[in-house]
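Each of the next two complexes has subunit A plus one more chain, namely subunit B in the first and subunit C in the second.
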Partner chain A sequence: MTDIIIHCAVALLFPPLLLGVIGKTKAVFAGRVGAPYFQPYYDLIKLFRKGSVFSDTTTWVFRAGPVVTLSAILIAVLLIPLGRHAAPLSFSGDLVLFTYLFGLSRFFTTIAALDTGSSFEGMGAAREVTFSCLAEPTLFFALITLARLSKSLSLSTILTHATSATWFASGASMLLLVAALFITLLAENSRIPFDDPNTHLELTMIHEVMVLDHSGPAFGMILYGAALKLFVLGAVFINVALPVSTGIALADWVIFIAGMLVLAVVIGTVESVMARLRMVRIPQLLVGATILSAFAMMLVLR
Partner chain B sequence: MFLFLSGDPTLCLLIAATLMALSGVPGLVLHNPVLSQRIATFLFIIAALLGESAVVALLSGYPGAVYQIDWPLPFGQVLISVDHLSTLFLLPLFLVSGCVSVYSLAYWPAREKANAGKLTLFMGLFAASMVMVLMARHGVLFLVAWEVMALSGYFLLTTEQRNSDVQRVGIIYLIATHTGTMALFVTFSLLCGTSGTFLFPAFHSLSQTLPVASVVILTALFGFGGKAGLMPLHFWLPGAHANAPSHVSAMMSGLMLKMGVYGILRTLSFFDGFPVWLGWVIILLGAWSAINGITLAAGQRDLKRLLACSSIENIGIIFIGIGLALVGLQMQTPYLVVCGLFGAFIHIINHALFKSLLFLGSGVLIHAAGTREIDLMGGLARRMPITSPLFLIGSLAICGLPPLNGFVGELFLYVGAITDGIVAPMPVAALVAPVLALVGGLAVITFVKLYGIIFLGTPRSDSATHAHEAPTTMTGPMILLAIACLAAGMAPLLLVNVVTPVVAYYGNLAPPVIAKITGQVPLMPLTIANILLITLIMLIGTLYLRRLRRLPRSQGSTWGCGFLEPTARMQYTGTSFSEMVVNLLEAIVAPKRRRPELAAFIPPVGSRFDYTITETVLDRILTPIFQWTGLAFSYLRRVQHGQINIYVLYIFATLFVLMFWKH
Partner chain C sequence: MNLFADQLLVLVMLINLVMLGTSRLIFSIRAVAVQGVILGILPGLIHPFSTHLATITAVIILAKGVAIPYLINEAVRKAHIRREVEPFIGYVPTLLLGAVFTALSFVFAEQLPLAPEHKDLLFVPASIATLLTGFLLLTTRRKAISQVIGYLVMENGIFLFGLLLSEAMPFMVEAGALLDLLVGIFVMGIVINQISREFSSIDTSRLSALKEE
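On to the complex of A and B.
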């Protein structure tokens, strides 16, 4: 019961901090002081208090978009195990629901973008659905590989099964999986090298351009949803990459949170040292990730 | 209640079929077309209620009688009966045809359309012949019903026969369906040669070691696969579905394609086993159809052609399920049998529901906007407040997204595939999961494009600006189908309970085995998660709306990067939306681009850029072959000159030669 409460509390409160840490890391690399760690929280609070501007062309779909997207990701949060503890909502076959919830959220984000009738947002929506479609098989190859290692169909077992022993036994395949999952994590969360929210041109963005017309609380929900999504996929990654289990509940939570913070620093480092890829290169990298995870599966079968 | 009137489900179904077959007759004798159309719809509704009550009785274990007709022709006596496999297909058949019939009252009103009488007549024959296809237990009767279905389908789809496009696709349809029927003649003749009668062999009664077994199965796969729209025999499908009246497309896509699936399942049930490769071939064909079908769909600009291509995808998913089950039967792995059959059977019902919903929706849209081109629509959500959410439900369902019904069928396939990934020593079937994931991702592209470009943004043409909502007669049936999609998605146990007896019957499995494997599939948790999702959406939505009311808000034009006069033509079109994925999958879609010559920086006035999606099998293989054959045989045309006296001479000469040969 305590674990469920901690799970919900961490999942609801912690995600924006990741964005803060990423921002701080990038600032350090650039030699700036940077915004405070808690800046995303202040942004969110401010956004929820702001008024909204609605485009004349929009309908209820535009308003429903952020609501459904956020709800779908919140359900996904309930399915994912955090800090080596089973998820609050865990059942056999939940991994399929988990990935399809992201599909649902993507559907609504993109139709909300199309509702504005803006060519920029249409462009962003087209990119988002195309790239995510290429990232999807990767996730399934990875999940099948992990499912085979853990002999289970439930995310809670699949993701908490990996231990340091697993790494010794099938290190090569775990390494490939970690690489593939990291690429997917960056792609799904629209980070560099796939997308750069800080470009000055709408033409070159993916996620940010889709939400140009959202304002006020709706934009707050989108920002929060994006942080949650980064958190959820980051948790999948951390569970595979850092399979440390101490057996002490509190210590596991601390290790998990520390791992997530390190992940945020790593993402920030990647963003600082790399440039965004050209749009035509993105599919190649995504297909490359799929092939990596397919290799991981092959190695496990051997 | 109807069941108690007749007492026997089989009889009940036969009465329903007769009512549907006769529903067009008043149109032939009465001089009042409006009245006769209403009578036809009334008969259809009665038939649908009668049929559904029989289906419910059969599914709950009530036995259906077997009827024997002493046929005066030289094919022996004929049996008509109904089993669980037929019931599975009858369930959506009656629901959809009832809905379609009501819909046609407003979509094809006898008051305005002169050919409504013809349409009603063939619609009745079409539905009734499908019931007969499902109930026939005799090769010849089956083929008769099959041909009535194919031909009435032809007359339905050529309703607008003056249009040259319609004529062309009609001819292609006829050639395709008759080539398929030819293969079926071989199937049933060989079966008759094996068992000595045209009656269908009993379940698993034929040995797979028979020399004709693989020929029977292959010809059945060819004949029935062509009807189902399995690649590469799908070439007739996009054109036929696109050019038929929308409610006919709904029947064809939702129901007629499934008759092909039924045929294959029925033929396979005659044998006690299959060659090992068959399951893998069917999985491969299914995966190929699914990926190619949805990629073709993603590139389309024609609303109904897009839906038709996505039917190929869904048939592919159904075949993946059937293939998994066959592989499972072969390798003695019950989890593949159960998951494959559940996946396929549930998807058969689901596809009938959401595809009919979408095709009926496309009829409403074509009525309203006067075009099938999605790049000329836009902004219809404001103008059609009822159709828009219904179409959204259909689109979400067809993408297989929770909490709608499409997810349930795919969930079974995923669980089957991943279980294979866990336990099989060489988990080839596990590869189905990434394939399905890719197909799902492409489906999201396709249907975000379809819904977004049609309903959202601003209208791209005058006719779309003046679009209006359809009457209740058209939206009513769609609401019913949408509720069915939602209910089946929220409570997947409903679907599973309907399908369980069919799986037990077809897979020859004991209920405990099935229960053990379906226990791995999250049905109750899915309901809980769905309820949680809906509650959360309601909760966050209410909070958001309350917040909106309290905070200041203003209206403005869409952000255009500082440009203040956006026009509808600046919006992203469907073609531009799918351009990226079409380029990635160029090998499948093969877009043809015609660019103007660029001499200066700005192309001259009147230059056009053309962009069409071609279809490999039809446009690049079959059409050239037919053209060459036509040329090669053109000299034979001289023999056919229209002089009857010489024709009689031909007959005489032929007979003489034959007689001479005999001696």
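On to the complex of A and C.
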């Protein structure tokens, strides 16, 4: 019971801090002081206190977009085990639901963007859909590989199964999986080298462009949903990459949160040392990630 | 030990995919050099130590990891080319083809009647995958240098297969094959220089069109 409460509390309150840590890391690399760690929380509070402006050309789809997106990701949070504890919700085959909850949230973001009738947002929607349909197989191959290793179809078992023993027995495929998952993590959350979350230049935007017309609480929900998505995929990554289990519940939570903070620093470092890729190179990298995870699956199936 | 050999073989197959995906010649030359060094280390992992083995390891690392890449590098420097510009098939399709070929080689290796002690190792699928990657590089790239690299990768694949037999295979055979390869690279280097001097380009697809000046 306490684990479920901690699970919900961590999942609801922790995600924006990741964005703050990423921002701070980038600031340190650039030699700036940077915004405080809790800046994303202040931004969210500010947005939720504002009023909304809805364009006359939009329909209910535009208003439903952020709500459905956020709720789909909130359900995904419940399916995923955090810090070696079983998830509140789990059943056999929930990995398919997990992956398609992201699909649902993406569908509603893009359809809300198309609903505005702006050709500019349509361009962003087209890009988002193109790149995510290349990123989705990677996630699936990775989950199938882990499912095969743990001989189960439930995320709670799949993601808590990996231990240091698994790493010794099938180190090559685990390493490939970690690399593929990290690339997917960056691509799905539109971080550098796939998309620059800070730009407002029309030619470089992918995700950012789709939410330009949202304002106030709706935009707050989108930002919060993005932070949650980073948190969920980061948790999948941490579960695979950091298979430490002490057996003490509290220690596992602390290790998990420390791991997530380190991951945020790593993402910030990647963003500081790399430039955004050219648009034509992005599919190449995503296909590369898919091949890595497919290769990992092949090694495990053999 | 065999587990470690398997990880190295996975690395060899990843290098194959890297070579299919990159457009930079210098990068693929380095990749092929790394592959050569890995191939040099491998015999030491699966066979007991002997002077015969030590010589093979040293010769292979020197030839595949140092000498041949150095020669190709020189050729690239002299011909002033940096990247493969227009392959017959693009990079993403060749990468996907390479992945499919790797998968097929796993399937094919399952079917082969292998000795039971070789069954669980990755040697046979890795060697077939490397061989097929070499074929792909040879057939899809335009530049003569890329084709030489493809030829090298193919030889690496054959070498991987021979590794299983290295107890039975006399040193002389391996040395002869390496010598052949070295001579091949020399000849290719000279040919490449000639092509680039005569035609101011080393695009081999232009050689098939005859034209009076």
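Please note the rule applied: the second predicted complex is superposed on the first by the 300 of 302 C-alpha atoms of A that agree within 3 Å, B and C clash if a C-alpha of one lies under 4 Å from a C-alpha of the other, contacts with A are read in each partner's own complex, and residues count from 1 in each chain.
We take it that contacts are C-beta pairs under 8 Å (C-beta built on N, C-alpha and C of every residue); 3 or more make two chains touch, one makes a residue touch a chain.
From a predicted model like this one, the values you see are computed outputs, not experimental measurements.
Annotation for the three-chain superposition on subunit A: subunit B and subunit C fit side by side.
In the superposed model, A:A172 makes contact with subunit C only, not with subunit B. Applying the stated contact rule after C-alpha superposition, one finds that A:S119 touches subunit B and leaves subunit C untouched. Once chain A of one complex is fitted onto chain A of the other, the partner contacts of A:L299 are limited to subunit C, with no touch recorded for subunit B. When the two complexes are overlaid on their common chain A, residue A:P283 makes contact with subunit B and with subunit C alike. Once the two complexes are laid on top of each other via chain A, the angle at subunit A between subunit B and subunit C, using C-alpha centres, comes to 80°, given in steps of 10.
Contact with subunit C, but none with subunit B, is seen for A:I291 once the two complexes are overlaid on the shared chain. Once the two complexes are overlaid on the shared chain, A:G103 sits against subunit B while remaining clear of subunit C.
Once both complexes are placed on a shared chain A, the shortest Cα to Cα gap between subunit B and subunit C comes to 9 Å.
Residues 283, 294 of subunit A are contacted both by subunit B in one complex and by subunit C in the other. By the touch rule above, subunit A contacts subunit B in their complex via residues 48-57, 59-61, 63-64, 66-68, 70-72, 74-75, 78-79, 89, 91-97, 99-101, 103-104, 106-107, 110-111, 114-123, 125-127, 129-130, 132-134, 136-137, 139-141, 143-145, 147-148, 151-153, 202, 212-213, 216-218, 221, 283, 290, 294, 297, 301.
Residues 378-379, 381-382, 388, 392, 396, 399-402, 407, 410-411, 414-415, 417-419, 421-423, 426-427, 430, 433-435, 437-438, 440-442, 444-445, 447-448, 451-453, 455-458, 519-522, 525-526, 528-529, 532-533, 536-537, 540-541, 544-545, 547-548, 551-561, 566, 568, 570-572, 576-581, 584 of subunit B are the ones that touch subunit A when the two sit in their complex.
Of all the residues in subunit A, the ones that touch subunit C in their complex are 171-173, 176, 283-284, 287-288, 291-292, 294-295, 298-299, 302. Here subunit C touches subunit A in the complex through residues 6-7, 10, 13-14, 17, 21, 91-92, 95-96, 99, 102-103, 106, going by the rule given at the top.
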